[in-house]
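Both of the next two complexes hold chain A, though its partner changes from chain B to chain C.
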Partner chain A sequence: MILRLLAVDFLKIRRKGLWLLTFIGPIGVVALQMVNYGVRKDYLFSLTDDHWQQYIGNVSAFTPLAIILGIVILTSFMASIEDETNAWKQLIALPVSKREVYLSKFTMISCLLFVSSIILLLMTYFYGLTLGLGEDIPYLQIIQYSLLPFFASLPVLGLQLWLATVCTNQAIPTTVGVISVIFAYSAMYLPDWVIWKWPSLDNQWDQPYLNGLMGIAMGLAIYLIGMTDFKRRDVK
Partner chain B sequence: MEYIVETNQLTKQFGKEKAVDGVEIRIPKGEIYGFLGPNGAGKTTTIRMLLGLMRPSSGSVHLFGKDLKNNRIAILKRVGSLVENPSYYPHLTAYENLEAIRKIVDVPRARMKEVLKLVRLQDAANKKVKGFSLGMKQRLGIAAALLHQPELLILDEPTNGLDPSGIIEMRKLIKQLPEKYGITVVISSHLLSEVDQMATTVGVISKGKMIFQDSIEAMRRIAQASIHLRVNDPKAVHQALLVYGQKADIKENSVAIQTTADEEVASIVQYLVEQGFAIYRVEEEKRSLENIFLEMTKEEQIR
Partner chain C sequence: MLSIMRSEWYKLRKSWVIWLLFIPPLIGLFLGQISMGDIGEANQWIIKLVMANATYALLFLPLITGVVAGFICRYEHQEGGWKQLLALPVTRGKVYLTKYILVLFLVLTMQLLYLGSMLILGAIQGITDPFPWEIVWRSILGGWVATSPLVALQLWMSMIFKNFAAPFSINVIFTLPSLLVINSERFGPYYPWGQPFLMMNIGGEGDNFFFIPWEQLLMVVGGSFIVFFFGGYLYFQRKAV
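The block that comes next holds the complex of A and B.
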């Protein structure tokens, strides 16, 4: 059943530009570095000898911002598709479990974000190759800094999806979303336990994996809370 | 007797206010059940509880003899619904809108063509719903509700906002469902005239309480129209009518008689003229649902 619901959710986002956003996000992040390296490659190269390290650092400075922004936009878009003619009432009156409806929405947006992360991985790698950053390509790090932010941002996804599905007034998730983006932007000033810091992969132990693991655990917890609340509520 | 829809002391409370209060609905198979009530009486809330969209504060809903609380999915497989304004995805075509439902209810693709044909939308199947008229959207909603061949169809104000030809068309469509497919239909409305032409059983709800539930014939007897005669001397006419053997009521400057049969009215008028009364107007007054509600609630209080 969940696969059929997922197929329906992907059908519903046709012609709505969600796929376009999925592609624009990672392309934008790498495009910023194209400008950066296009303008002052020599200067950047003069700062350090580990050019790959520096390049990955530059790319990943914008990754958390893009992914949080992506989550906010995708969740509110998804909710607006159902809210527009209050299609929730039609959907929930069908023989489906509300838990599965929620799981399907979560899975769909996760899929889009994961595709985004894969594109980011490929873009980072191939643009890096053209810059001549050296023979020693740190594959593991490229993979880490492209895919881990996705897992680390699952708690934010859980929160935004929850707000977007249960709030009839979309101003609430949008406001929280704006604050989320500001938090993601000022990640370095936040303490380690704040979920909006996690996509930056920064922590006091210097272990990026930790953020990914915490993200999965906390994401699951917030997802379960959101789903329980969604199931409990009356459909307007 | 087995009922398709049966509610027991169904109640829904919002804060302190009881939107639905101890409603008992009984709908036998194959009926068209007209669910009547003024706006805000609790019709939509009741219907939402029948579909499991809202949880009752207390009481229970049984559809097909099963408790909705524990068998929601199994029951909803046999129920089609259209609640309030039609829901659709404007950026998708009619066909894609149905496909989004077909995937969930798991019926063959051919069924989509069938229902589109049934509501005469086959030519607009590949057009985006955004450009549809309200009537077309409403028909698409019905098509979606019929997609999985439900045994019970629940329609909330299906003719709301339709033009007269749309209403007639919708009525025709709904009327044929029990005969052709054995579907039991629940249809809510705030217009008595609307339900009068389709329903076989009627339930009236007012301020959250069911105040009437019986066959349409019983309802018609209550809702019967009356003839108002405006005359020069109402009191004398009233006297004369009583002598003639016709029950009559004196209103401000007219006399009301309950019969509407053409011959009877004609002979009464002829009689009055022969008696030398001047008749200024002979008017038929249909009693509005509002009036009937008022009378019903009054009776309720007296009892």
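The block that comes next holds the complex of A and C.
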């Protein structure tokens, strides 16, 4: 059942621009570095000897911001598609449980975000190769800094999905998203328990995996709370 | 014109937008709280303002003005509101201008509340240095002037798309690169989305009234304003409702 719901959800977002945004996000993040290295490669190279490290650092400065704004946009976009045509009512009237509807939405957005993380991984790797950053390619780090932010931002996804589905006024989840991105940008000043800090993979123990694990656990918890609330609410 | 203004105000007055106005001062408190450090400046206020203004003007201000512009078009996008509004004896040009002025007014209010939050923060933290009113006014007004083209583009996009997320994503796509672009002395001055930062950057050039040269203000801010404002204006004249 859930697979069929998911298929319907993917059908609904066809030609609406969500896939386009999924691609623009990671391509944009690496494209910014293309400009950065295109303009001042010599200067950047003169700063340090570990060019790969520096390159990954430059890319991952933008990853948390892009992924959080991506979550805000995708969840709100998805909810707007349902709102615009009053489709929530029709969807709920089908012989499916509201839990499954919510799960399907969550899974769909997660899939889009995961795809964009994979694209980020490939783009980071291949553009890095063309720069001549050195023979020692830190594969593990490239994978970490491309994929872990996805897991670390699952709590934000849980929160934004809940807001986007329960608010008829999409300005509310969007505003929360703008505040979130300010937190993500100020990540280094925030204590470790703040969920918006997690996509930066920074913590006091220097263990990026920890942010991914915390993200999965907390994301699951927020998802369950959101789903329970969605189930109890009247459909608009 | 005044009556359109009043009717727009009625639509907004009891809406959620009033709460939206309190977000900038809260962000101001947060940013002021986390900014400290030594930047070779004796006055504590200046240290706070340089650092808080940076994040505020780089990311927050361009993004939130997009939300406000989207909000202003929300009632019209629902249940055929454009039809109702334009069936009234009003010209489209005046409706467009009213909405634009209203967004500018809300953004100015946000700027002033942000300034207020800085004063409150300083009082809490017990900063005794003299408050640099003169440069602060210039940056608050400068930030406002610099967002005026961005507001015009967001209003234009919000009129095109019924979906709230679509104009917001355009806003994000243009705003995020400014984090990088403003570092460039060659390209920074020409990027419209970087101007709020440059005009609120109180450490910047200090010879003019604003923190950027007049030519840059006229060419980049003025030029992009003309393109975005009249683009939106012409679009709205032809928009099928």
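By definition in this document, the second predicted complex is superposed on the first by the 236 of 236 C-alpha atoms of A that agree within 3 Å, B and C clash if a C-alpha of one lies under 4 Å from a C-alpha of the other, contacts with A are read in each partner's own complex, and residues count from 1 in each chain.
To be clear about the criterion, a residue touches a chain if its C-beta (ideal position, glycine included) is under 8 Å from a C-beta of that chain, and two chains touch if they have at least 3 such contacts.
Quantities reported herein were computed from a predicted structural model and do not represent experimental measurements.
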| item | value |
| --- | --- |
| First (chain B), second (chain C), both or neither touched by A:Thr175 | second |
| Chain B versus chain C as contact partner of A:Leu210, first or second or both or neither | neither |
| Which superposed partner A:Leu69 touches (first chain B, second chain C, both, neither) | second |
| First, second, both or neither for A:Cys111, with chain B first and chain C second | neither |
| Touched partner set for A:Leu121, first chain B, second chain C, both or neither | neither |
| First (chain B), second (chain C), both or neither touched by A:Arg14 | first |
| Partner chain in contact with A:Asp234 - chain B first, chain C second, else both or neither | first |
| Which superposed partner A:Ile81 touches (first chain B, second chain C, both, neither) | both |
| Residue contacts with chain A in the superposition, chain B compared against chain C | C |
| Set intersection of chain A contacts, chain C complex versus chain B complex | 81, 84 |
| Contact footprint of chain A on chain B as seen in their complex | 48, 51-55, 72-74, 76-77, 79, 81, 83-92, 96, 99-101, 103-106, 144 |
| Partner chain B, residues of chain A touching it in the complex | 4-5, 7-8, 11-12, 14-16, 81, 84-97, 234-235 |
| Chain A-facing residues of chain C, complex | 16-17, 20, 23, 27, 30-31, 34, 55, 59-60, 63-64, 67, 70-71, 74, 162-166, 168-169, 172-173, 176-177, 179-180, 184, 186-187 |
| Contacting residues of chain A [partner chain C, same complex] | 17, 21, 24, 28, 32, 35-36, 39-40, 61-62, 65-66, 69, 72-74, 76-77, 80-81, 84, 169-172, 174-175, 178-179, 181-182, 185-186, 189 |
